[in-house]
Amino acid sequence: MFSNYLLDILYLIASVTFVVGLRMLSHPDSARRGNQIAAIGMGLAVFGTLFFHPSADIETGQARVNKLLLIYSALGIGGFLGWRSAYKVKMTAMPQMVSLFNGLGGGCAALLAIAELKQQYSGHDPSVSALILVLFTIFFGSVSLTGSLLAFAKLEEVIKDSSITFSRHTLLNVALLALILSLIGYTVWGAGHAGMTWGLILFAVALVYGFSFVAPIGGADMPVVISVLNSFTGLTAAAAGIIYDNLAMLVGGILVGASGSILTVLMCKAMNRSLMNVLIGSFGGNAAAGGGKIAGDQTVKEINLSDAAVLLNYSQSVTIVPGYGLAVAQAQKICKELDDILDANGVEVRYAIHPVAGRMPGHMNVLLAEADVPYPKLFDLEEANEFLPKSDVVIVIGANDVVNPAALDDPSSPIYGMPVLQVWDAKSVIVMKRSMKSGYAGIENDLFFHPKTKMLFGDAKETLQKLVAEVKGL
Amino acid sequence: MFSNYLLDILYLIASVTFVVGLRMLSHPDSARRGNQIAAIGMGLAVFGTLFFHPSADIETGQARVNKLLLIYSALGIGGFLGWRSAYKVKMTAMPQMVSLFNGLGGGCAALLAIAELKQQYSGHDPSVSALILVLFTIFFGSVSLTGSLLAFAKLEEVIKDSSITFSRHTLLNVALLALILSLIGYTVWGAGHAGMTWGLILFAVALVYGFSFVAPIGGADMPVVISVLNSFTGLTAAAAGIIYDNLAMLVGGILVGASGSILTVLMCKAMNRSLMNVLIGSFGGNAAAGGGKIAGDQTVKEINLSDAAVLLNYSQSVTIVPGYGLAVAQAQKICKELDDILDANGVEVRYAIHPVAGRMPGHMNVLLAEADVPYPKLFDLEEANEFLPKSDVVIVIGANDVVNPAALDDPSSPIYGMPVLQVWDAKSVIVMKRSMKSGYAGIENDLFFHPKTKMLFGDAKETLQKLVAEVKGL
Amino acid sequence: MAIFEFIHNNILMIYLLAFSILLGIEVISKVPAVLHTPLMSGANAIHGVVLVGAIIVLFNASSTDYVSLSVGFLAVIFGTLNVVGGFAVTDRMLEMFKKKRK
Amino acid sequence: MAIFEFIHNNILMIYLLAFSILLGIEVISKVPAVLHTPLMSGANAIHGVVLVGAIIVLFNASSTDYVSLSVGFLAVIFGTLNVVGGFAVTDRMLEMFKKKRK
Amino acid sequence: MTIGLINEPQDSRVALTPSNFAKLATPGIAFIVEKGAGEAAFFPDSAYAEHARIVSRADLLREADLVVSIHPLSVSDYRKGTMAIALFQPFVDTTVAESLKNQGVTAFSLDMIPRTTLAQAMDILSSMAGIAGYQAVLLGAGSLSRFVPMMVTAAGTVKPSKVLVLGAGVAGLQAIATARRLGATVEAFDTRQAAKEEVQSLGAKFVEVEGAVDDRGAGGYAVQQSEEFLAKQRAEVQLRASKADLVICTAQVRGRKAPVLITADTVSQMRPGSVIVDLAASTGGNCESTQNDKTIQHEGVTIIGDSNLAARMPQDASTLFGNNVANFLKLFIKNETLNPDFNNEIISGSCIAKQS
Amino acid sequence: MTIGLINEPQDSRVALTPSNFAKLATPGIAFIVEKGAGEAAFFPDSAYAEHARIVSRADLLREADLVVSIHPLSVSDYRKGTMAIALFQPFVDTTVAESLKNQGVTAFSLDMIPRTTLAQAMDILSSMAGIAGYQAVLLGAGSLSRFVPMMVTAAGTVKPSKVLVLGAGVAGLQAIATARRLGATVEAFDTRQAAKEEVQSLGAKFVEVEGAVDDRGAGGYAVQQSEEFLAKQRAEVQLRASKADLVICTAQVRGRKAPVLITADTVSQMRPGSVIVDLAASTGGNCESTQNDKTIQHEGVTIIGDSNLAARMPQDASTLFGNNVANFLKLFIKNETLNPDFNNEIISGSCIAKQS
């Protein structure tokens, strides 16, 4: 009996750590500890279940030993694989990892629901409410399983987006959904004792649906989708919690379900897309190009504000390359502000001034003087090309011709021979401009397609303002 | 039966509105609606109780009518008084009002606990847990009753702080507390059926304690005390909720208990006092002087950043009066930023330039031009004194002599006769400077002691930066 | 032991308590100082929910038991004052925030 | 009617649900965009709590019922992967925030 | 009573503008203006005519009870028993007070108005110094053979000019502000304790020299500094000036010869094409080589000695000057006519000769 | 081969500076410099001596295979078979090309260098225009009888000056920037579509007039505008100018007479004490009353007609000019000696006379 009480308390603690953990996860400074706290809580819950859960001592003697062997080996395998893959994967591949784990979680829920379903049909008639919950779990669990796996495959670029969609895809999905609902209905009220089989059919269809649900959605939108599937899994966990009336599961699941949904919305906001668009994958097509615009045959990579903010804030040295666009946007003051903040955060900021940046001799000097940028921070072409290779990030603000590699490597170009700022020598380049339009010289700029380059589209002033806010937010 | 279910739902809704209401109350934009939402929820709860609560139809016929008459008249009286006093009281007297209402809430809880106690002893033996809860309720309820009433009296200045304290007061309180605890203990385990009487004794002692608890605490600390008593009442409500296992009461009470405690802490932070100090009333004495610095015989009022931010952000028109200090701090740019934000939030911002502000002719013009403040926003002495009476807030940034009333009303002053900016004509004035030091002319400035004036001490640049952050935060 | 049993039997109730407390804290964690008083006042009005209890007491009091009746009567008056006055005062305090920013 | 009855019988549970949802929302309402992915990843790890359920299933499965056993076995592996991998990945993501800014 | 305004051919400014008369006008007082008084400052006689009679110098001197001018007239021109307002500079012309007294003239010297906070509205020294500081930079930058601001252009990069300001009084501060506006990197020197903060409050760099004599209570004016200190300072200045492109000299000690801060050989060390503008020229100049009211070349360095730069923008200069004088005159006017109250510290302070 | 640098008494600038020689130096080329060539720009012969021989004009003309000067010499001075580099301005002096050809001189006109992005490093028009725009404001502000920036002082409040810039080319833009630095409120006019954005990019107000002729593809130069348009514009200018304190005229259409934007009676409407600086003077000026190379007073308005303001700061002007010429000369130097490649569009574009 006592062990029961203990379990109660362990679960309670776990639930609280989940809440606190999530809370802390939502602030950069506390995020890491938050994650650890939640992990500890989880540990307690699992530990408690293993040792204090009433079902833990149904069996005795050899049978018990075997059972425990089974369980621990499962835990061992899972733990080992999880840990290893988590530490093997490289930073850039994290999202697909998350997706993978999420899928497995869903799978876990689906499986135990099936087991439970079996229970329900062994002996006495199953209760309606219980059945509904179980089927619900199977459904969401399997959707999140296959869905996540597909998402994973897409991000890993194992599967090309377009390859698996076809016109009217939405129609198909709707059809599948309808089928699934009717299956559930039938299993609960119609199928009687054949329910088990029908449940399995449901399982199969749900798996298909999960796949087809994610199929039309573009790679760039994947994070959102993963977040959606994430909250699905959350719900299944909660449902499972009710089935086993296990409060830790219930709370944990609900929390994730709720916060997951909000998070999804926030993410859409951040990408300013509507959730609907994402899910129907309406412009999956172009999104497939990594969210970038397609220019000619090449594609450009975009970077979002918060990533840019982090990139800048956590680098050692940043070089700002101002151009005519900075002047047009009259963004010199806010540019200086960004400079100040980075400076305060220990980042070395320098300005590289090209002789003909702008539209008149000394145009950039006038601007930056207006913003009170101290002269020692300004470097001209020769000096700049010296240290550019050593700087971590270059922000090109409304400059174009003066950072055009064609001047060096394309004899056919009208500006061939003009000295330019070789920003591509830096570790990475962020280009701020409103569009892919050309500059004064009216020629294309390959810098924008350079592997090191990420575009940050928008009016320089607005973009910089948002960026400053982001950096402050860190 | 059905009515029961309905009641459940009404209570649930009420509980949720309480949470949401509190949430919204903590942001300026939503606060008012939040309060209204909570009120609606409360309405539902009461309504539900009146019509659907099982106990509502214990009686029938005449008896029932009388009972309802009684209840409705009570509701009528309470409602009428509450409403009327709430709308009669003048803005400045709000805190004592809150205190008063809080006390009554506590009283209500105490009373119903007594009634419940009576119940417990009628017939079968009372359950220990129930008894504990009831006595707990009586205790906290009555403390918050008399405590709040005293707080009210103090704020209304019916009672002078010092008059009712004496050395060793803390000792007395400790003694009382001990007595109370033993009383509770005895009533529960020792008194047997005499418990009722002992309960009443407890009630009496608790009333005394509540009074003596607040007695030593200074007027300036009252808000904190009220907040403490507030959470006490919250706890009693929760306890009562358990007694009647009524979830609306439980949730409402707990929420207030929890948020009340946090709030108390926050308040102490804001006044930078420790809760302990406040409660022991250690320096109630000087705190009584409004927590402000004492200069000569007069005292100045300080304002904290967030209040300043709100004050500015929610006013119609703000006038900035720059002085030499703005130049010394080189805060012109950040000052312009504040201007921009307020502007964006629909506040009209103007600058009032005194002819001799700064240390050279046109000093302020140089500064503000550097920060790109458009000329049309600058107004000279005459123009400024025209519109100053019409502006809601004046921020004096590092100016001193040029806003010194002595120039107008103190013939003995060396600057008597010099025209000055009559900032005190505005609705309220915020003065930013580092200390109470005098300016160029080396004379005291009564503006700092003016009832309309609030000081914001610190280097102009740093203060403005923080202020900007606050305003953005709103 | 007893306490454990109590916990076990009221585990849901306890979760509810725990979460209510978390919510209570979370919900006001970052309130600007200007709102301290209004918030307090609002909270004060909310705990006026004891009124519900008072009403129940009055309902339960047998119509001959004048003590309980008068106690309950008083309690209801107090409670109503708390509720109505509390919300009304808060509302008045918050009037200043009416002005919407564009 | 049935639904009402259900509510009435599980009223506490429902409060808990409601409040958990409120908490879930409240708790992450103002997260900076940089934390979207880590937060998602963390949440993902948390719902790995289904593992608990999986373990229970395995416990409950009679040692002859190989279907349930294997299903449970698989479930536990999945669940553990979710939990361990989830937390570990999140932790790695968040390492970058270690660098304290002066 | 009659107030007369003099036409001063030697100065483009005028002591009062038409709008001042409008403000001062009272029944008990008549105004007369010498022909062409405001022409050079673009205030035609027609504008004055509204409020005053246009007369010849002779008539004016005959009729006026109070004669207003920028520079003093020759003492003999003043009629016995009249009052006179002008920049008599008693510290420079030490005899003037005496001879005015003998002439029986009650004279108020505008440069003697005490520099109290209250008197700022009449503080001609300040208003003119402000203009001088501003003009000094325009003149200096115009005469400089180089760009003041930094320029990165296709034809090469030009470094920003270094401007050194000696003396951070009203003129100096204004010069600092103007030079910074043009994009120069500005350094400034002064001996007053307060000057450091004032200089920095304009975003310029203050060059300190240890051991300055304390001067608080000197009413804002500088006090004489120890010789050894000045030596130290000269050394420092030498160093800075040799690196500077433009030097603005405003260092003055009222009533004394201006401190010499730049020796001839400092100048020869300066880069050819550089410029020195010396506002202290009239009192000897801060630069050894300065010649008052002359612009000379010294080893490729242009040295402009001009203490009257305010006259380069007569219109605004006259407006400010006029406002100052008008504010001063207001003190004279009681019950609609002129009777100065000698208990007023501003009046008594500025009165250098009183008819007995 | 020998490159010769001329001393031009009529211009304080010099076409090449000592440091340029250092950069150009190659075994196959000798440099000779006319005595005192750089004096006025503070480049003493001693500095040149390092890389060049100092010779007399006569010797130079005799020895040099390539003669470099700012302004062209009289055609007869050039020796037959030599090359000449200068601002020949063939559009102004339409006969020069012909006579040079007859003289057997291969001449490259610096003002004919195509204004491609690539040629910017040799774009003397730009570099000099930039200086002119800057100097125009210094000169204008210095001649203005008022403050440019706003001043709230004890002696009264001075409103900021209004500056109107006509023509937002290189000179115009630089003028805008400089005027804004001084604290003026600046308006500008131009007919080029792009000008609006360029003006605003400097924080100034652009005054549009409808119906400008499109000019893209005119290589950055302005095209002739319809008479009716110019009329409209004159009206607008009239309005603005009458309110302006300082007008900077830079509007030009290469090879044509400068457009007249300010009529005589616009001038008379301007406030006395105002100033007009007309950089287009040499081609007739944007102001009707402008007289080239003269400063005149017209109803209280000072009108400065000067198209050679760059000469006011010879040192930096020569440096930039020299860099431009040097960059140009680099094109001439192949395998250590002079042989211009006439397939190079910059060389062919700038060559106005080729010895056949």
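As written, the chain order gives the labels A, B, C, D, E and F, with residue 1 at the start of each chain.
To be clear about the criterion, contacts are C-beta pairs under 8 Å (C-beta built on N, C-alpha and C of every residue); 3 or more make two chains touch, one makes a residue touch a chain.
In this text the structure is predicted, and so the values were computed from the model without any measurement.
Path length between subunit B and subunit E in the touching-chain graph (shortest route): 1.
At the interface between subunit C and subunit D, over half of the residue numbers involved are used by both copies, so each side presents largely the same positions. Between the interfaces A-F and A-D, more contacting C-beta pairs are found at A-D. In this assembly, the C-alpha centroid of subunit B lies 17 Å from the C-alpha centroid of subunit C.
With centres taken as mean Cα positions, subunit F sits 74 Å from subunit D.
The geometric centre of subunit A is 42 Å away from that of subunit B, both derived from CA atoms. Here the spacing of subunit D and subunit E, counted between their Cα centres, is 80 Å. The set of subunit B residues that touch two or more partner chains comprises 19, 23, 247, 251, 355-356, 361-362, 366, 369-370, 372.
The multi-chain contact residues of subunit C, meaning those touching 2 or more other chains, are 12-13, 15-16, 19-20, 22-23, 26-27. The set of subunit E residues that touch two or more partner chains comprises 120-121, 126-127, 130, 149, 151, 153-156, 158, 181, 183, 203. All chain pairs that count as touching, in label order, are A-B, A-C, A-D, A-E, A-F, B-C, B-D, B-E, B-F, C-D, E-F. By the touch criterion stated above, subunit E contacts subunit A in their complex at residues 149-160, 183, 185, 203. Interface residues of subunit A facing subunit C in the complex, by the touch rule stated above, are 2, 4-5, 8-9, 12, 15-16, 19-20, 23, 247, 251.
Those residues of subunit B that touch subunit A in the shared complex are 333, 337, 370, 372, 469, 472. Those residues of subunit C whose C-beta lies close enough to touch subunit A in the complex are 4-5, 7-8, 11-12, 14-15, 18-19, 22, 26. Partner subunit B is touched in their complex by these residues of subunit C: 6, 13, 16-17, 20-25, 27-61, 63, 67-69, 71-102.
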